[in-house]
Structure formats: structure tokens, C-alpha cells
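The following blocks contain the structures, represented as C-alpha cells.
The two complexes that follow have chain A in common; it is paired with chain B in the first and with chain C in the second.
On to the complex of A and B.
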């Protein structure tokens, strides 16, 4: 399955319907998201003043983004002083070109990668392959979906839709002999063995970045498998690609950021590995790359500053909003047709990649608000979904019949006389379709749900007749 | 006698008037004279939620005009209460005069259970017999208004035994037009909710939101009863 790069209403519904019917997938989704949710709750309960910390973090993020240009310049200056090479990429293609250029300069044929959503966003792997360079994903989840040829279905757990049986099958194919699914340690050991050889052979390591600290020009990367360290230190050249919104003013702010990131993501107090990279290997360092390149990617982000959507730039991609989202939990990540799924994906995908192409996403929510409650930066995702819906109406992206129906309904409800007239008409019109428990219409509305019928007498009539005692 | 205006909501008015009847009964029992402004239609929530802001704005202004003369407004609906109390001010933010009127109305608008407990200080006597219940927290009511405790308190006061379900605050899958735009996803979400409720073995699944009620009823098995808070409480009063 390749990434469709769009999510129209029919695409989303189709993909979600397939996911809902897949019992294995539903089990995997429920299990993984519930585990993350419970972990997050426990980890935040253990933290004294977790809510105050979130408020504080929100302030840090808003203040930083209000001065984004300043902090980015500071980062560039300090990182350059530390010996890193900074590249600015306005579009995804720009970032891809920068990577390809560096790879060509060094005659690279094999690339190891640690998990990075931004490289999914710019379709880097496809571009590398098209240019004769083999990318190897070294995060276990990313490797699994690379073997399967699928896009990630969750921001932090790219392969959470896969059961261990499916994983064992993929690995068996890769090693050319059957591996038992119930031996998880054996499977991981096999992955480790296969990946180790690649780490040493790769001419280039590509990573994302969780935050970029302006004060010292440091790139911070958190991982749980240690693969991030190997990717950024074993090959002679390291390229990190990071969205410009991931800028953090200083180490104090970084401490708050890191205190919330892993807790919100997996429920860990800290990720197992937190790697801070300030420049390439120095003369007396035992190891490390000769060159560190940091690509600061815009790709539509800076356009959001000063709009009702600016707040979305505060996102730290922890995935907490996905885990609590009742729509995501049923539809699964692939329905969103984007590396960013769930509530954050429903907002950021149309903003970055086009509202028309992703018209279903702002609609893929009941506005239940669970995401906003879970978000460490308290991003008001439902409000932005509402705003996107208004944009869709304004851009006439809804089917005209729906638009007309809504306009008509608003007209009817605009005066009680009209409402009375049309509901009376409705009472008469619904008769042929009325059954004991509700309406059964000849068209499939509600996919089998029993629809409510208009009561024989509305409340207002009972009131007028003095029947309300 | 103290007076209160009933905003019955369009769903209750047209589809489940018995909830309105029960609401009036409870308010009277709590010592209030109930008034029903006949001009009321819809608070505008369906239009607001689906991106039709101008239409929602017109209905919001209309609703403000109708209800602002009253001392207090009560709704048997968590989400419509949220609309009037939280969203009107957002919707009318660009117009200082209307924004002020929206805020004044918000300050005297209450969800039914909240009003009975916190404003009326009403404490019903336990009924001779009352069903066991499980309570569904509707999303806007619990997350945006922070309400749900009052409903539970009233249910236990009339003698219901409360069996909490898993994820009581998980969305029922309704979401207004979402339930028609993405019915497959909506129904799958409702199935989870109904299953969580069924596992408690409670007699009745209770909610204070007519929208959720409509959605859950539309998919509940024949032997699973879904009722509005007002209906359950009023029935218990009959039984005292």
C-alpha cells in the first residue's frame, strides 16, 4: 500500500470501513492506543504539578513561535559556530535536493535512517531509491513498515497496526527462513543482527530531530532503541531534517519539553536515549561523524504564523491526541492518507498539503475534545477543525446538495412559523417509512442505524394544549 | 415563585417531547415556575459544528434575543448548553455589542442536572424502587463545561444504583452531521460505547444529551435501554 497523498470523503470512508472490518487490526489498534493512554495518565500523575507544567510549556511554545525568526537565526549562528552546516529548505523538494546533493558529493550508496516523520512528509525514501541510493530504516517500527511497503499509521508507533504474526512473516521473508511469531526476543535479535551490518556499511546517516536548541545550536533526538545514536554517529556524514517549528530557546525550556514529550507519547518519564548533538566530531572525540548537516524545513509551516492556525505549530508530535481519539481508534492511521494521522493529522495535513486533497480530514471528528485534553501543549485542535470546516464551506468543497440542505435547514429554523410548517409536512411525509422503533428510509442514511422519527406531537404543541403537567 | 425559561432544544421538541415534559416536571418539583418562549427553534449548533458560521450566527442572535429577558435558562442538553455558554461568545467575538449579550446570556444558562443541584439546591427523595443505571458523559458537557457529577448525584439520590462503565467519557460516535457524513465510523464508535455500557449490566444507559441519546438508541439492541436523565428522574419521582 502506498501513500495515496489525499483523503477525500470516499477515500477516507472506504479505508476506514476496511479497517473497521479487520478484527486483527482493531485489536492491535485498541491494544496499542490503550497502552499509550494508560501509560500517559500514570506518568503524568507521577509528575508533581503536571498541569502547571503543561501551562508553562504552552507559554514557552507560544512565546518562541512569536519570535520564530529570531530563534532560528540564533540557532543557525550557534550551530554553525559548533561546526554544523545549516541548510534552509523552503519546500519538501528543496530538502530532498539538499540530501541528494550531499549524498552525491560523498558517493553514498547506502543510507541508514532513524525514525523521522519529516522524511515521511517529504517522501525522502522514494527519492533516494529513485537516485540509486538504498535507505534502510533502523527504527524497528519503521523497518517493519519499510519491509511491508506501507506508510506509517501512527506518529510514534508507525507499525502499531501490525500484529506480531504479521511481523514474523515479514522478517521470515527477509531472512529467508521461518521465524516463530511467539519468540519476540528472537525476532528483535534477528532485526538487530541484520541492522548492525548496515550501520557499519552506511556512508550517510539521516535522522529527524525532536527539538533544536537555539542557545547552543544543539539538535536533540529521543529514541528508545539506541538506533538513533548509531545513525548519527557511525556513518561519516549525518544529516538531520527538522521542521522549523521545533525550535526551543534554551536548555531550561528543553527540560520542560523533554519532561512532557516521553510522558505524553509512551508514558515513559524519559525516552531510553536522549541524544544531544552539537556539531560534528571534535579532534579529541573517539567517534562521531566528520560532517553534520541540519536541514531546517519550512514546507508550508511559516505560512501558518499569524493565521488562526498558528497554534498548530506548537505541536511536538507526541501522538497523545491519536491515542485518545475515538475516530482514529476505529478508522486507523492509513485512512488519513498522510504520515500525520489522528487529530493532529486532521488539522496539519490539509494545512500543509491542501484542503481540497484532504477534504475529509476536518470532517473526521466528532469534536469530542479528548485530543485537546491530552495534548501537552493544550492545542485547541477542535477549534481548528471547526475553522477548517468553515474554510471548506467558504471554498465550496462540500457537495452542493449538502450545502443546499444546510442552507435550507437554517432557513426553516430561522422562524418558528416556518419550522412548524415544515415539521408538520415532515410528519405527514414520514408516514410511509415509519416503523415501531423509528424510520426506515429507502436510501441508506446512517449505514443501518435506526433513524429517529418526528414525534406525533412536538413539545410545543403539548405545551400549548396544556398537556405538560 | 422563582421563574426559569426552558430552552427545550430542537431535538427534544420535535423528536423526543417526553424529555421536555419530564424536564418541566423536575423543574416544577424543584420549586420553579417554568416558562416556554414559543419563538425558540434551534440554538444553531448543527450549523456551527459543520462550518456554516453565518447561519449559526443568525440562530445564535435569535436565541439570545429570545432568552435574554429571563432570569435563568435551563436546557435538557449538555451540548446545546455548551453552544450557548461557550461557543456563542466565540461566534460573536467580532461584534462587541453581541459579544457582550452572548456573555450575559452565558452567565445565566444552565444544563438541567447542574441547575437542579447547583442553582436550585434540589435534593430528591429516594424512590420506592429505581433502576440500576450507567451514565454516559457527553463530550461537550464533561470536557467543556466540566459537568457530570450533578447527573450522577441526582440519579443516586432518587435511588438508582450507579454502575460506572469503562471509558464513561468516551464519545458515543454522534458528532451531529458526522454521524451522517461518516456513518460507518460513527456506528463503529457507538458500538464500543454500547458495549462498554452493556458490560455493566445496568438496566438503563443514561445520558443528559439528546443527540447522544438519539445516536445510541439508533443502534442499541432491543433489550438495551437508553434514556435521558430527565426521563429517568421523573419516572423515579412517580414512584416515591
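On to the complex of A and C.
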């Protein structure tokens, strides 16, 4: 599947239709999301006062964003003192240029990467390749989709859409001999063997960052496989790219952040490795990188501060909202045309990359509210989805038929008299289209669907007549 | 204006008075920290042994190394490891000596031995730090990582740890909560992806 950098109404409708018809994909999506959901519930149930902790975390995130400039400056100061080099990037291209400059200075040809959504956001791999630098993704899921030439389909499990047969096929091609699909341990061992040499040969390691702690100038990475540790320990140079919203004031707040992150993401009490990096290797350290660069990426985030959309910056990218979303669970991640899919993607993608290019996303929701319930920061995603829909109407981004239909509905529903009049008119007008199983209108209301016809007597009239218990 | 100032200016214009809530107090109360530690770590396929003396911890360590037929072992230079009796058939690399060959040794070692600065009972986590004589690759590249941890290093959870530590951080601090694992192929758990396949903690009194 190609990687469109947009999701217009027709694109989304098309990719979602294809995804829904793909039985293998549907099975993979159901299996993965159910597993994540159950894990999350079990992990949070085991934690005393999990809901109070989420309320507490919401306050931390909100207060941090209210004073984001202060905490960013503090982080810069403390990280610099520890020996890290801080870079600021307004746009994705700025961040890419900073990375390329550092890579050139060190004559780097091979880069190992740990999973980072931000590097997907700025299309870093394509830029590295265009400049003769080979990026190797080392998170198993990311490596699978890199081999397949696909974008990630889930924030936490980038390759959840792939079956083990598809993975075995990709790996077999890579090692040049057939690998059995049923031996997942064997497939994992092959990945370990192949990637180990890359880890030790790479001149540069690139990571994202789960949070950056201002108090001590520390970057925190959370992984399970150990690739995050390798990428940040083995090569002589480490570059981390992190969104400016991922600042955490201090270690007390970080404890709350970490207590909720893994539980919400994978249902683990804590991920296997939580790595806190405070500068490059010190004078007598036996190993570790000689240089640590941290790129603070804006790419549209600071424009959201102080607006009704600021709340979206509270997101810690745990992916819990994807797993509970009825639209994501059917359409899959690729339909969103963005590294950020599901409810968080439906809000943050149009805000960062353009409402017009991603006009379908605010509509790709039933507004059921399951995302808000699942969010560790209790982000009100449905509120912002509705607000974006209003923005779309104001910007005339909806198809004109839909807009006219909604304007008409607003007109009719606005006054009781009008409503009564049009209901009567409708009962009379529907006659030629009435069949036993509902209305058969000459316009498409969705494949295989019919509208119910208007009742002979409206409910309100039955109520007035006392015919309703 | 440079990018830094532009970003900060934009944020300063919309900043508002809102203060952080006071730190969350741990609401955990485990009757026995070691028991909880063992339960949490074994649940994710880590191995936990509890012994009542340092001498017993040394014995157990060497017994484990014999069982796995280890030939090359990398040892961090941190208490209590320098006094671990060395086995005759094993080649050791003592971190802090000949650090140029450390990386190659770690890549082919059968096991890495470390201690830990602290451990969290709730999540079965040990906390390792970098520093002189303390290699980050020793606990990462070999297929087996054995950590000798004094039982007094146990604290309840992240919150009690964050409340007590002195904010003096090494370049690298790791919270390790099990053997390296992945579930990226069909959500099926596989251990030993990039880091150790076996993570063994010996708690000693």
C-alpha cells in the first residue's frame, strides 16, 4: 500500500472500504486491539486509585503546558549543563537539516533508529536515504514495516496489521532462506542476529523520546526490546528528537507519567526498559556516546498553545484511544494517511498537517467517547473532534450536498411549527418510495441500507393522545 | 529571530498561572517488599532468588554460571562484585580495566554481572546506573544478565523512589523490569529480542 500524506473524504472512504474487506487485516486488528484493551484494564485495575492518579496526571499536563516556555528553558539549561547539545526546530525540515548536518560532520553512513513517531512525522528516513545514509529501524515492528516499505499502522504496535506469515516472508527474503512462520521465537532470533551487527557498526543512533524531565535535563526512553538502550549506548553519537510538548517538570511528575504510560499502552506495570539519559558519557564512564544531541521539535505545536486545541498537547502517545475506537478497529491505521491514527490522530493530524488535506479525519468518529474514557490524561477528544467539524463547516471543507443538507436540517429543526409542517410534507412525499422494508430513495444512503419511513403518526402526537405508556 | 526565541516567545504570550499539584504519594503498602518484587518480576519471566547472606549470593551466582556453562563473563566494578570468587574455567572482563576491549567482549560474553542502586517492589524493577567501572553494555549485550541486589535496596514503587533520590543523575540510568521482549509479531510474546533473554536477580540480606 502506498503512503498518502493526506486523508480527504474520498481517500479515507476508499482506504477504509478496502481495509474492511480485507479479512486477514480485520482478524489482525481485532486480535491486537482486544489484547491491548484487556491488558490495559487489568493493569489499571491492579493499581490502587488509578482514576485519581489519572486526574492528578491531567493536572500535571495542564499546568506544564500553561508554563511550557519556562519548563523548556529549564530543560535546556539543565541538559546543557549535563553536556547534551540542545537544538530547536520550528519545522520538520529544520529538524531533518539538523540531523543531516550532524551526520555529515561525523561522516556517518549507517544509522540505527529506535521507534519514534516524531521521525515518522518529519519523514526522516526518506531524507537520510536521499543523502546516502542508511537508516535501520531496530524496533522489531518498525523493522518489519521498513522491510515491507509501509508506514506504521499503530502508535505502539507499528506492524499489528501483519500476520506471522507475512513477517516470515519478509524475513526469509532478508536472510535468503525460507523461515517457518509458526516459529515466532525463531523469527525473533533471526532479527536479533541480523540487527546486532548493525547496532555495533552504526556511527549514529537516532531515537525519539517519551518525555524530557526539566528538573535534571534528562531524556527518558521507554522500550521493551532493548533496542532503545542499544541505539543510545553503542554508537559514538546519539540524536534524540522530541516534540516540545513532551516536557515533564520534575521526577515526581515523571513517576506519575511512567506509572500510567506502560499500563495504558501495553498493559505492563512498567515497560522492560525505562532509560534516563542525562548527557553523554562522563569522564570515567567505560562506554556510552561521546555526544548527545536533543532536538526540540515544534512543527506546529506551539501554535496550539492557548487555543481550544491546547489539550491535545497533553497526549503522551500511549495509543490507548486507538484500541477502543470503533472506527480505528475497522479502518486500521493506514486509512488515516498519517503516522498518528485513531482518535488522537483524527485530532492532531489535521491540526499539525492541515485540515484541508485531512478533512476526513474529524468525521472518522462515532463520537462514542470511548477514547476519552481510555485516555490516561483524560483528553476530551470528542470535544475537539466536534470543534474541528465546526471548523470544517466554517472553512467550507464539507461536500456541498452535506452542507446544504445540514443547513436544511438546522432550518427545519429550529422551530416547532416548521418541524411539524415538514414532517407532514414528508409523510405525503415519501409515498412513491415506500416499500415494506423502508424507503427506497433515488439517492445512496450507504450500501445495503434503507431509511425507515416516517410513521403515520409522530411520537409526540401519540404522547399527546395518551397512547404512550 | 532564531527558532528558539520564536518558539519560546509564542509560548510566553499564552502562558497562564497554573501550578503543579503536590507530588503524588504512593498508595501502595506491601507487607513484604521482597515478596512483591519476586511476584512482579517472575510474572514477566524474570528470575528471582532470595538468599540470606552475601556469601550465599556469591555461591548461587557461580552455581548459575556453571549451569549455563558460561565461558566469558563481564563483571561491573561495583559492590559487591569485586569480591566474587572467580571460577577457573571462565574468562572474566573486569569493567574499568582495558575499556577499549569492553565492547567486543560484551558482544561475545555469555553473561553480564552487575549490582543495582535501587529496586522497586511494585514492578519488579532494578535500577542500574552508569559510572566509573559500570558498563551499560554489560547488562545489555550478553544473553544473560545477573544482578546481585541487597535487599535493603528495595523501595515500594516509582513514587517512593522519586521522593527519596537526590537528583544527582549519572549519564545513564536504567529501570530494568524483566528480560528483553517483544510482542510485535501477532502480539505473541518472545523473549531476548535485542537485550538479555534471561534476567536473574539475586536478592541478598
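We take it that the second predicted complex is superposed on the first by the 458 of 469 C-alpha atoms of A that agree within 3 Å, B and C clash if a C-alpha of one lies under 4 Å from a C-alpha of the other, contacts with A are read in each partner's own complex, and residues count from 1 in each chain.
Here is the rule we use: contacts are C-beta pairs under 8 Å (C-beta built on N, C-alpha and C of every residue); 3 or more make two chains touch, one makes a residue touch a chain.
Everything numeric in this text was worked out from a predicted model, so none of it was measured.
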First, second, both or neither for A:413, with chain B first and chain C second: first
Which of chain B and chain C A:234 touches, first, second, both or neither: second
First (chain B), second (chain C), both or neither touched by A:10: neither
First (chain B), second (chain C), both or neither touched by A:366: first
Chain B versus chain C as contact partner of A:90, first or second or both or neither: second
Of chain B and chain C, the chain that contacts the larger number of chain A residues: C
Contact set on chain B toward chain A in their complex: 8, 10, 12-18, 20-21, 24-25, 36, 38-42, 46-53, 55, 58-59, 62, 90, 139-140, 143-144, 169-171, 173-176, 178-190, 192, 214-215, 217-219
Residue ranges of chain C touching chain A (in the complex, touch as defined): 2-4, 6-8, 10-21, 23-24, 27-28, 40, 44, 95-96, 99, 102-103, 107, 120, 122-125, 130-137, 140, 157-159, 161-163, 165, 167, 169-188, 190, 192-196
Chain A - residues contacting chain C, complex: 28, 31-32, 35, 48-49, 53, 56, 59-60, 62-64, 66-70, 72-73, 82-83, 88-90, 94, 138-141, 144, 157-160, 162-164, 167, 184-185, 187-189, 191-192, 195-196, 199-200, 215-216, 218, 224-227, 229-230, 232-234, 244, 249, 251-256, 258-259, 266, 268-282, 284-288, 296, 298, 302-303, 305-306
Chain B contact footprint on chain A (complex, rising order): 9, 12-13, 16-17, 20, 326-327, 329-331, 360, 362-370, 372-373, 383, 386, 388-393, 398, 406-407, 409-410, 413-416, 419, 423, 438, 445-455, 457-460, 462-464, 467-469
